[in-house]
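Structures follow.
Shared between the two complexes below is chain A, which pairs with chain B and chain C, respectively.
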Partner chain A sequence: MKTPLLEIQDLTTSFSQSRKQVKVIDNISISLHAGETLGVVGESGCGKSVTSLSVMRLLGKNAQIRGKIRFDDVDLLALSEREMQQVRGNKLAMIFQEPMTSLNPLHTVGKQIAEPLIKHLKLSRREARQRAIQLLREVGIPRPDEIYSEFPHQLSGGMRQRVMIAIAMACNPKLIIADEPTTALDVTIQAQILDLMKRLKQQHGTAIMLITHDLGVVAEMCERVIVMYAGQIVEEADVRTLFRSPRHPYTIGLINSMPEVTTDRERLESIPGSVPSLQDMPKGCRFAPRCSQAMEICRKQAPDLLTLSETHKCRCWLYAEEGGA
Partner chain B sequence: MNTFRQRFVQNKTAVVCLIVLAVICLAAILAPVIAPYDPTQMFQEHRLEGSSGQFLLGTDQFGRDLFSRIIYGAQVSLLVGVSSVAISVAFGSLFGLLAGYFGRWIDSLIMRVMDVLFAFPEILLALAIVAALGPGMVNTILAIGIVNIPIFTRIVRGAVLSIKNLEYVESARVIGASTKRILFLEIFPNASAPLLVQASLAISGAILTESGLSFLGLGIQPPDPSWGGMISEARRYMELAPGMIVWPCAAMTVTILAFNLFGDALRDLLDPRHRSK
Partner chain C sequence: MMQPQTEKTPLLEVKALKKYYPVKRGLWGRAGVVRAVDGVDLTVYPGETVSIVGESGCGKSTTGRCILRLIEPTEGQIWFEGTDISRLSQDRLRQMRRHMQFVFQDPFASLNPRKTIRQILSDPLIVHGIGSARERKQRVEEMMEVVGLSKSHLDRYPHEFSGGQRQRIGIARALILRPKLIIADEPVSALDVSIQAQILNLMQDLQREFQLTYLFISHDLSVVRHISDRVAVMYLGKVVEIADKKSLYEKPAHPYTRALLSAVPIPDPDAVRERIILEGDLPSPANPPTGCTFHPRCPSCMEVCKTTPPPVKEVGEGHLIACHLDVTG
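Up next, the complex of A and B:
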């Protein structure tokens, strides 16, 4: 098998908070191959964003990252900050949730796209300008020559997200981490942005790690999905398997809480309770207090991530025998 | 939304102040052309005279033309005001950026030093510095410049604290921008609005402090004309020639008022909360 483009092994990220260590990410392993789209799903506060920021090494000084992150045959955690700056925006790019505030209000759109080109690809100003205008056209912005010299406040949210994508695509990265790229946009624009990302991915063979809480987006975009709960991976499967036969009660709950137009369900189901606080995690399975199928063992002992089939993993006692653990 | 220029033109205070400041600046720059006499030239037979056709604003105790001295005094006042504030802005911004961005011990160290500087009354600290360095124009500029550093440090630090966590700073980091670049090209320009306002206000403060120092004999040294020095000399002849004290005072008042009102207008124009009236 080919070596994956991004390989995260036993990643544990903790923050020091008044002398106590709070584990936000607990022993996560993810691998992502070139050109693949991986969805990372979970509700707020489950550690999705911290995972991506750990990969980018953008967490503050009070964060401790342990484990291994190999990207494109380089150990990211071993790089100096200066070397890391050479990776960011070059081979590894990121798109944020808030297009409204993610652009500097005082620089023109064009300047902000041209910046990584000048820095990483060492283009001259004029070359960078041409490439930036070409990028604007590629992400579907009308009148790219004019937009180039406009300021962010003159653009709508959807346009700004397109600009953010153009910035991320600027140096032809091997991997884009998209942290809820469509959450702040309205639905018709969401579809357009997703289409755009799909198209760019097919044209350039870029791998995407898509972080979202929207299962609809996952079904639309991803080949493989990781479901996270309270800083752990609870289920990992290819997208078909996940939607056809979800195994973990949390995943099942998530899918059932998705509004559907086709069925005429009276009410949406919801998962009772909320994510446990990081300071006092339950001793056993972290989902047990909210799980309808919780058993005796669930409250006492934490389950391991079990391999159900070659492409399907699940962290739940219900499948302990099946997984051969 | 209107552009800054459009809103500026609509703001009458700002426009009037800008015109007044422009006139004062022009007068100062073109002093050799405008002033009828050399500021140190003495007309022994015309001492302590009032306004006349020959001497527009009268003469002082040595028979020097007050109008010429006030115009040359503007040169000194503006030079001291602008260059001392330039020093404060440069160092204050740098310290504020470092303190706000890096936090931790750098922040504590810088801000405690600033607190110490802040604890002294402005004029007293300037006086102490000038006393240590010796009187004269350059030292006056240095002293006033140092005195004003803490204000700018605080302003920039505050702005940096609120800006450094915004998404666009994070995005800059994501595309691999260096810390230097983030500090000076992403954060600093966005922190510059309050800085600009404070700079305008600080120039008038600096002019006042310079006059104070000159009045006390520690600023600009005679026979060079400075407004503070002129007022100081005029004290003894106030009753004989009131013009000697009235005109320099008036020049100073107009200049300071113009800078202050301009600063206020600028604040209104740059502050988003004041924008929609």
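Up next, the complex of A and C:
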């Protein structure tokens, strides 16, 4: 088997908060192959964004990252900040949720796209300008020559997200981490952006780690899915298995609580209660207090991430016999 | 869910509602107007849920706020139980508001952080002079339980609650006056799906228990399908299509509605997607396109659409569209 493009092993990220360490993600292992699209889903506070920021090493000084992150045969956690800068925006790029706050309002759009080209690919200013305009055209921006000299505030939300994608694509990265790339956009604009991401992926073979709370987006874009809850991976499967036969009660609850645009449902199944706070994690399974199928053991002992089949993993005591071997 | 009967009198009737905002362009520039809401007609019958759906900037929230006169409409009539509230004095209006309440989108910004939940829920009763202190206390405690919170939490402050719990408080505050109509502006869009489902279920239960009528404003087509009896689709300040839920979702007639529905990602990896991708962005309401305002993005645009505003046609029973196309619902 080929070595994965990105391999995260036992990643634990904690933050110091008034002399205490708060674990935000706990022992996460993810592998992603070249050209693959992996979805990471979960609700607010599940640690999906911290996972991506840990990989990019964009967390502040009070974050402690333990574990291993190998990307393209390099141990990212062993790099100095200067070496990391050679990776970021080059082979490994990121698209953020909020295109208004993640673009620099004081620089023109063009300058922001040209920057990585000059820095990483050592293009001259003129070459960078040409390439930037070409990138703007590629992401579907009308009048790319004019837009090149405009500022982010002159563009609409959808246009700004296209610019973000152009910046991420600039150095032809091997992996793009997209953190809720369409959440701030209207549906018709979201459709345009998802379409664009699919097209670029096909053309360039870029791998995508897509972080989202929207199962619809996952079904449409991803090949494999990881479901996170309270800082842990609770289920991992290929996309068809996840939607056809989800196993973890949280995943099942999540799917059943979604209203659908194509069918009518008399009543939504909701998951009672809310996500536990990081300071006060339940002792056993973290989902047990909200789980309708919780057993004695669930409240006492934390379940492991069990392998149910070659492509399916689940962290739940219900399947202890099946996957325990 | 109740179907509007043919002979029923409407609870709310909005006629030709307009809200224009003046804008100045440049330093000495001529004054222009932003047509945030541009001639909306809407009828809501008792006991039903009518939704207004559309993308950002389409005027759905402004419409909702104008109906309660939280924003003063520029023109139009708003009939609520036979009274045109667009002409009422502030005093009379305040009395009317007892029957029509608002639930806001952001559960973090719409509760006063310096008041306890007890104060937040008692205030509407005090303003409207309802009950003695003891009766008010009892009503507040009852209401907490109705929305699924414990009365032992009454002396806490809003920041001590999660987003979903805060939205329950927002609903309790709207409900405490026993209104007939609740206008809810994106009440679940700030919430996670599992919490969203809790709030939607709560709203449906309350509707049954208190015979409420909802005007539900949302950008989320899936949520709207779930909660509504009838749906109005807005684009650039105008209603482009209105129908009962079934016709709208199964036989959408307006090209915008069709594109909008096709754009929603379906949580099924095997779903067949025939997506209509709309070109471009929403035009600015300060400078709307001529003719039909949707024509620059419309995949079925004809010559006439560029010059003449579209007529309103009935394509099925109670199914209206504003479009030049010859469509049958």
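Convention: the second predicted complex is superposed on the first by the 324 of 325 C-alpha atoms of A that agree within 3 Å, B and C clash if a C-alpha of one lies under 4 Å from a C-alpha of the other, contacts with A are read in each partner's own complex, and residues count from 1 in each chain.
Operating definition for what follows: a contact is a pair of C-beta atoms (placed from the backbone, for glycine too) under 8 Å apart; a residue touches a chain by one contact, two chains touch by 3 or more.
Remember, predicted model here, so these are calculated numbers, not experimental data.
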item: Combined model on chain A where chain B meets chain C, clash or fit; value: fit
item: Partner chain(s) touched by A:93 [first = chain B, second = chain C, both, neither]; value: first
item: Chain B versus chain C as contact partner of A:127, first or second or both or neither; value: neither
item: Touching partner for A:106 - first (chain B), second (chain C), both, neither; value: first
item: Contacts of A:72 with chain B and chain C, given as first, second, both or neither; value: neither
item: Partner chain in contact with A:150 - chain B first, chain C second, else both or neither; value: neither
item: Which of chain B and chain C A:159 touches, first, second, both or neither; value: second
item: Partner chain(s) touched by A:167 [first = chain B, second = chain C, both, neither]; value: first
item: Vertex chain A; arms to chain B and chain C (CA centroids, nearest 10 degrees); value: 80
item: Residues of chain A touched, compared between chain B and chain C (which is higher); value: C
item: Which superposed partner A:119 touches (first chain B, second chain C, both, neither); value: first
item: CA minimum distance (chain B, chain C), superposed complexes, angstrom; value: 5
item: Shared contact residues on chain A - chain B and chain C; value: none
item: Interfacial residue positions of chain C with respect to chain A in the complex; value: 55-56, 162, 164-165, 192-198, 200-201, 204, 219, 221-223, 225-227, 245, 249, 259-271, 273, 275, 277-278, 281-282
item: Parts of chain B lying in touch with chain A, wherever the complex brings them together; value: 1, 166-168, 170-178, 185-186, 189-190
item: Chain B partner contacts - residues on chain A that touch it in the complex; value: 56, 58, 82, 85-90, 93-94, 96, 98, 101-107, 115-116, 119-120, 153, 164, 167, 170
item: Contact footprint of chain C on chain A as seen in their complex; value: 43-44, 156, 158-159, 186-192, 194-195, 213-220, 239-240, 243, 253-255, 257-262, 264-265, 267-272, 274-275
